[in-house]
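Labels run A, B, C and D following the written order; every chain starts at residue 1.
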Amino acid sequence: MNTSCAIEMRGITKRFGQVVANDSIDLSIKRGEILSLLGENGSGKTTLMNMLAGIYQPDEGEILQDGLPIAIRSPKDAYDHGIGMIHQHYKLVDVFTAAQNIVLGLNDQKLDLKSINAKVKAICDKYSFVIDPAMKIYDMSVSQKQTVEIVKVLYRGADILILDEPTAVLTPQETDKLFAVLHNMKADGKAVIIITHKLNEVMEISDEVAVLRKGKYIGTVKTSETDPQALTDMMVGHAVVLNIDRPKFEKPVPRLKVQGLTCIDHEGITKLDGVSFTANGGEILGVAGIAGSGQKELLESISGLYPVKEGSVSFIGGDGKAKELVGMTPMQIRKTGVGMAFVPEDRLGMGLVGSMGMTGNMMLRSWRKGKGIFLNKKSPEDLAKKIWDELEVVTPSTSFPVRRMSGGNVQKVLVGREIASQPKILMTAYPVRGLDINTSYTIYNLLTEQKMNGVAVLFVGEDLDVLLELCDRILVLCGGKVSGIVDARSATKEEIGFMMTTLGGKENA
Amino acid sequence: MKKFTVLLMVMLMTVSMVFANGTTEAAPAKSEAIKVGLICIGDENDQGYTYNFIRGQKEATEKLAAEGINVEWVTKYNIGEDSTCVDANIEVAEEDCKIIFNNSYGFEPFMLEVAPNYPNIDFVSCTNCVSSHDALPNTFNAFANIYEGRYVAGVVAGLKLNQMISEGKITADKAVIGYVGAFSFAEVISGFTSYYLGAKSVCPSVTMKVSFVGSWSDATAEADAAKALADQGCVMISQHSDNTTPATAAQSAGIFHTGYNNDMTSVAPNASLISTRIDWSVYFYEFIKAFVAGEKLDQDWCKGMEDDAVKMTELNTAIAAPGTQAKMDQVIADISSGKIQVFDTSKFTVKGATVTHAFARDTNGDFAADTDEAVFDGAYHESYFQSAPYFTEQIDGITWLNAAY
Amino acid sequence: MSAEVKTPFVRLAKRDSMDPKKVWAIRLSSILVALILGMIPIMITGQNPFTAYGIIINGSLGKPIYIKQTIKIAIPLLGCALAIAPCFKMRFWNIGAEGQITAGAIAASYFALYWSDKVPSFVLILIMFVTAAIAGGIWGLIPAFFKAKWNTNETLFTLMMNYIIIGIVSWLQGGPWEGRKGSQLIPMFNQSARLPEIFGIHCGWIIVLLLVVLMHIYMNYTKHGYEIAVIGDSENTARYAGMNVGKIMMRTMFLSGAICGVVGFIVVSGANHTLNNGVANGVGFTSITVAWLSQLNAFAMIVISLILAILTKGANTLQTRLKVPASISDIVTGILLFCMLSCEFFINYKLIFRHGKSEEEASK
Amino acid sequence: MSAIIALIVAAVTFGTVLMFGTLGEILTEKSGNLNLGVEGIMYMGGAFGLAGAFNYEQAVGAASSSGLLAILIAIISAFAAGAIASLVYGFITITLRANQNVTGLALTIFGTGVGQFTGEFLRVREGNFVALSNHLKDSFANPIMPKFLQDIPILGKILFSHSVFFYIAVILAIAMHLFFVKTKKGMYLRAVGESPSTADAAGINITLYKYLATIIGGGISAIGGMVYIVTTAGCVWNHAGLSGVGWLAVALVIFCLWRPLNAIWGSVLFGALMIMYLRVRIPFIPTEIYKILPYVVTVIVLVFSSMRNNKEKQPPASLGANYFREER
């Protein structure tokens, strides 16, 4: 028995219904080491870690700590074993202060603010964080929230830390800070597991890399003994060309003109501030920015779903005439024949009806068609069958609830339907999130195909590498403002990263 | 396997039900007992209205049993004044009852919906007034001259007020009676007017405030109305509503009370002087006895103190004014003999004038009385033309605190 | 070894799907369990539960007149459940059916009381029907408007609307519409304002059966039905699809209120023949359970409303014969609901026992 | 002046009933469980509280019954009834994860049934009305504060002339407030109601918290039903008296913004609205219309509270939603 292993997982299997999320996985981590858990979205990384954190129960297999078998039945058990996890969706109570969140669930002490603050300060000093313990969570920025999460875990004396995609919402600069902290922890003798699918981060931070693919454990390698190409091969199973095919459309024409678009949410916070740009037909315009910089509001206000305070959105038709869209409801926009398709970020919560089958979801675009009060179920049924065939959607029938399908198939149904409406403008938000590489490429190809058909494609993404390879131009948002628009063929990641945090950005890059 | 078990259980249940069913059906009815239905708006827990009926039911049963007539009662409780009343009447009729008493005023229209379908069953609506005059021979009305009892209770209250005045506890002008009424309805108006006249006959300075609670039975509202009256200076509380809470409220406010339907001295020994009630056993007894004998009572039945249909409960001598019992006995005797006319028109005024004319009954269905002159021989003749009270004058000396009902 | 002991004895997992036959078997057995549990209060009263159930069956179905009465109870339950179905499908918790029934009843009663000598019976009934629907619809529309505009909590809003309209009836009863002064009774309707009888029961049963078919079609085959289903799944999706959620909400609530209003009309014109403040008599609440237990399936509602009507009518007879308080029917209804709500758990989740076997495998 | 004082005193009597109902529901809702069964719970509390005191008195005899013991027995019986009812609700919604709205409605039907059944069955069993002796009635309803306090002008009446239950309710409200803001367990409970997944990940046993809050909350609400029966309803089972009270308590929770201290004045205010028609006349407004005032006020409050948007004045974020840890 290898007693130097802080945690060892043996033969862990977890199923969700028919789906095997984890299939007999073995994994171990030593103290004073940073392990990257690498895998595509949907490869079972989070599920596996949730079993360490006590959120899920393994169906099979055992977990050993320092060589002894342990049972983690609940998050509390996990903490008792010194395991703390920072989830991708922060587990914080919005109306509580940082300090309240940090001590939440601790049984061994009184609610004594003084000693809590002292201890929090000690932790912050040790790893060089800054937080205000009396600040309410709903007043915090994303990275502040993450800091609270990390302090929370450390406060509980966790010596095995799991971070689930901690950098997804951070700027490159914030990421650097985080990595510095992780190095401090490692030096402190803690075991750190980072879930990620970003290869550069893996190479930068970790000592070892464990790779999962489609729920199976592929292997663990020392970071120093590998390279990105080898890791990619492990992740996807066969060598793939990282390059995304990017043909150039000969004569892009302006299709969508946005000027001075300003949106304010119901709490009075400015979400978009004077956004202006032009999207051309025959071009993919990428939209980059840290999470919550106004991407969602941008797409929703263009499609008439979000109230616009000021500015204009005009659609430029084939005849060159502009049509003002601000003030119209989605239904009115559709009726004017603008031809706008939208693949929202929240597929089941916004783009699709989870409880209905493919046919029912096809109707979402067409249910108004036809005279009279009755639904036309025939043509949606045909469309559903067509998409089922062409995009190879895995589902038992066209009436099988889409909620029960896997993420990739859900996305195929959604994108398939949107493209089927033969749009002039196609807006997509994080269309490959949670998809395996093959499906991702299917989606990339579909988008490129649309571009080559002369459609103006808006692509909101989070992975800068993909943005740089797929798009023609990239619009960078920073706090609801346009930080700049760059040519994707010439821009660098650092440049964009800086623009994401600093308006304009370029001078210092 | 599972399915089979389920199936088996269902079958077992069904069989047992049918079996149980059969036995209930086959159970022989008690020998020669006559089945009588009683449909009640409440239950005994009101300690008032319905309780009073149940008591009459029990007493009548005993009296009849002594004469060899066995009565088997089918009693429905807490029936609403809506189509559930229709259902209850049908239900009881289908249980082979020969007579069905409906105890609430509001039951009558629903009872009359059912009555034509069961011509061999007698339907009685207590306290209402349509059945006696309609075309159906099998529908009846009944009530008692409760105003006589209230008059006597008023005398008891007046004597107590006199005592308080003479003891210097209140001045004569502070002799105010608070009355908790259900609705501004003839039965209630007739009741508190007679009560007031009784009090006034011995205590001339008395005045009265009436608060309507808008419900025949709402313990909370009644209690609060009584409290509110006490807070407004009333030193004596009486009521025409179903619960005992006004008595309790009077007791906790340190004032006095006379009750209705039930002896309330047990509830408020330091406040409740006396109560008056209708003894329904008299009517039940007469009706059932006549029915068994193959006779029929008058379709409109109304009796008073003379026939013991209206009774006084035991006087609470511990707190009543001295000499009350003697005065009471005399007044009862005078009422029975006709010497005292409760609504003697020389004893009250309406807007300063003596009442000389009032109709008693409505015959054209517009709910305004148009027939039968009630004022003659120097008195307003209450319950003379029909059992249900029809006195609705607002006499001087009585203030209606809220007239919206 | 210690790990073995520590593993939870039983844990949960979501189920993917289940054989429909098995689903119905579970639902049926839950009814059975409810009936068995319902025996407990009967036994507490010292009665034989089998006798009691026998009386319930006999008292509700034993004679033609009993069957008629049972159906009379079932009619408003069914009608109101149909009204509630689209709201609940939309996840709009309308518990104000009680008030919407009452509003409809008021409108119908107005014409019954004051127009009965002005127009022929057929026209009068038609006017009553239409105005009741409009009045009920408006009463349902008010909370929907605020929900659509400010997302005001509809559960409490609709509930409070019940008490408000019932108060208004109380006022009418003792005020402008009162019959004999002070009696608190509104006069009985003239014959011309009463629903005609078919097979000895007022023809409300035909109306509600027609409504069953119409509602089934409306919910499953019309554009409106589709919109309601989408909103019920996700309001955001509906908005995304270009639906005007607020408008659809108001429209659906108007419809729901209108059907409740029609139920109110049926009750006053067919059963009560007058208006009083207890006109809804709890139907608005009980019918929610009818709708929910039927999984919002219009045809299943017929069965469930009949079951509840049998319980109600039977419990009345039970009270007559065995002096068991009639509220036993509420208890059994409650137990029935608890069991049927609980059984959905076994349809949606599976239990996994310690030694790795799921119950499904174990039962194989 | 004296009319206003009298109104306040009377409002407190009715408000006490509402206060228990509201406080119980606040506790329940703080755990994220929306229990719409308060109406049924209060019926059960009323019936069982009365039954408890009645049986006690029957057992020892009216003469030797102790008022204090009767109060205790009534409270315990009512609490137990409410707790059991809420346990059923809790089991179905927390463990079996059924829809909270519908389960609450089912509990209303069930609880009203059980309450009526118990109340009526007692009567059937006794063959007569079921009432407590005057001695016990007094100990339930009479003021408990010393005479000299009650005799303080104005304030004496307003503050010290109430039954023991009012003071229990106020103490409970203050205790609950302190529990929520000062104690660790109170904070954890709020966390459960705000974000069960967070609380779960923090190692809080949310199932336990939800169960305890729901059961204790139900028990407290049930006491309200009992207080109604033994104070305002005169210690007899009242067939219709409680109807609507439970729902009003649910509405009051929103009115009070889920804060126990607000429940004190909120319930007294609603108590006043309930009885004002008997004391403060408004010209041209019929009494029956007057009687719907509390409901109209509730609606107005609902609308206004939905229009304002303040992070601190919102319901517990997870209210009405069930939690399943392995939900994806």
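Just so it is clear, contacts are C-beta pairs under 8 Å (C-beta built on N, C-alpha and C of every residue); 3 or more make two chains touch, one makes a residue touch a chain.
A quick note: this is a predicted structure, and the numbers were derived from the prediction, not measured.
Participant: Can you list every chain in contact with both chain C and chain D?
Facilitator: Common neighbours, chain C/chain D: A, B.
Participant: Could you compare the number of C-beta pairs in contact for B-C with that for A-C and name the larger?
Facilitator: More C-beta contacts join the chains of B-C.
Participant: If you average the CA atoms of chain B and of chain D, how far apart do the two points sit, in angstrom?
Facilitator: Averaging C-alpha atoms per chain gives centres 35 Å apart.
Participant: Hey, how far is the Cα centre of chain A from the one of chain C, in Å?
Facilitator: Whole-Å distance between the two chain centres: 44.
Participant: Could you please state the distance in Å, as a whole number, between where the Cα atoms of chain A are centred and where those of chain D are centred?
Facilitator: 46
Participant: Counting only residues that touch at least two other chains, what does the list for chain C look like?
Facilitator: Residues 13-14, 170, 174-175, 325.
Participant: Which residues of chain B are in contact with two or more other chains?
Facilitator: 77-78, 214, 404-405, in rising order.
Participant: Name the residues of chain A that each touch 2 or more other chains.
Facilitator: If we look for residues of chain A contacting two or more partner chains, we find 16, 57.
Participant: Every touching chain pair, please?
Facilitator: So, checking each combination of chains, I get A-C, A-D, B-C, B-D, C-D as the touching pairs.
Participant: With touch defined as at the start, can you tell me which chain B residues reach chain C in the complex?
Facilitator: Result: residues 2-3, 6, 9-10, 13, 16-25, 74, 76-78, 80-84, 86-88, 90-92, 94-95, 105-106, 109, 113, 183-189, 214, 362, 367-368, 392, 404-405 of chain B touch chain C.
Participant: Any idea which chain A residues touch chain C in the complex?
Facilitator: 15-18, 57, 59-60, 62, 69-71, 73, 303, 305, 329-331, 333-334, 342, 344, 346, 348-356, 360, 363-365, 367-368, 373-375, 404
Participant: In their shared complex, at which residues does chain C touch chain A?
Facilitator: Contact set of chain C toward chain A: 2-3, 6-8, 11, 13-17, 221-227, 229-230, 233-234, 236-237, 239-244, 352, 356.
Participant: Write out the stretch or stretches of chain C touching chain D in their complex.
Facilitator: 12-14, 41, 44-45, 93, 95, 146, 150-153, 155-157, 159-161, 163-164, 167-168, 170-171, 173-175, 285-286, 288-289, 292, 323, 325, 327-335, 337-338, 341-342, 344-345, 348-349
Participant: Can you tell me which positions in chain C touch chain B when the two form their complex?
Facilitator: Interface residues on chain C, with respect to chain B: 25, 28-29, 32, 35, 48, 50-55, 57-59, 62-63, 65-66, 69, 72-73, 170, 174-175, 178-185, 187-188, 267, 271-274, 276, 278-279, 281, 313, 316-317, 319-321, 325-326, 363.
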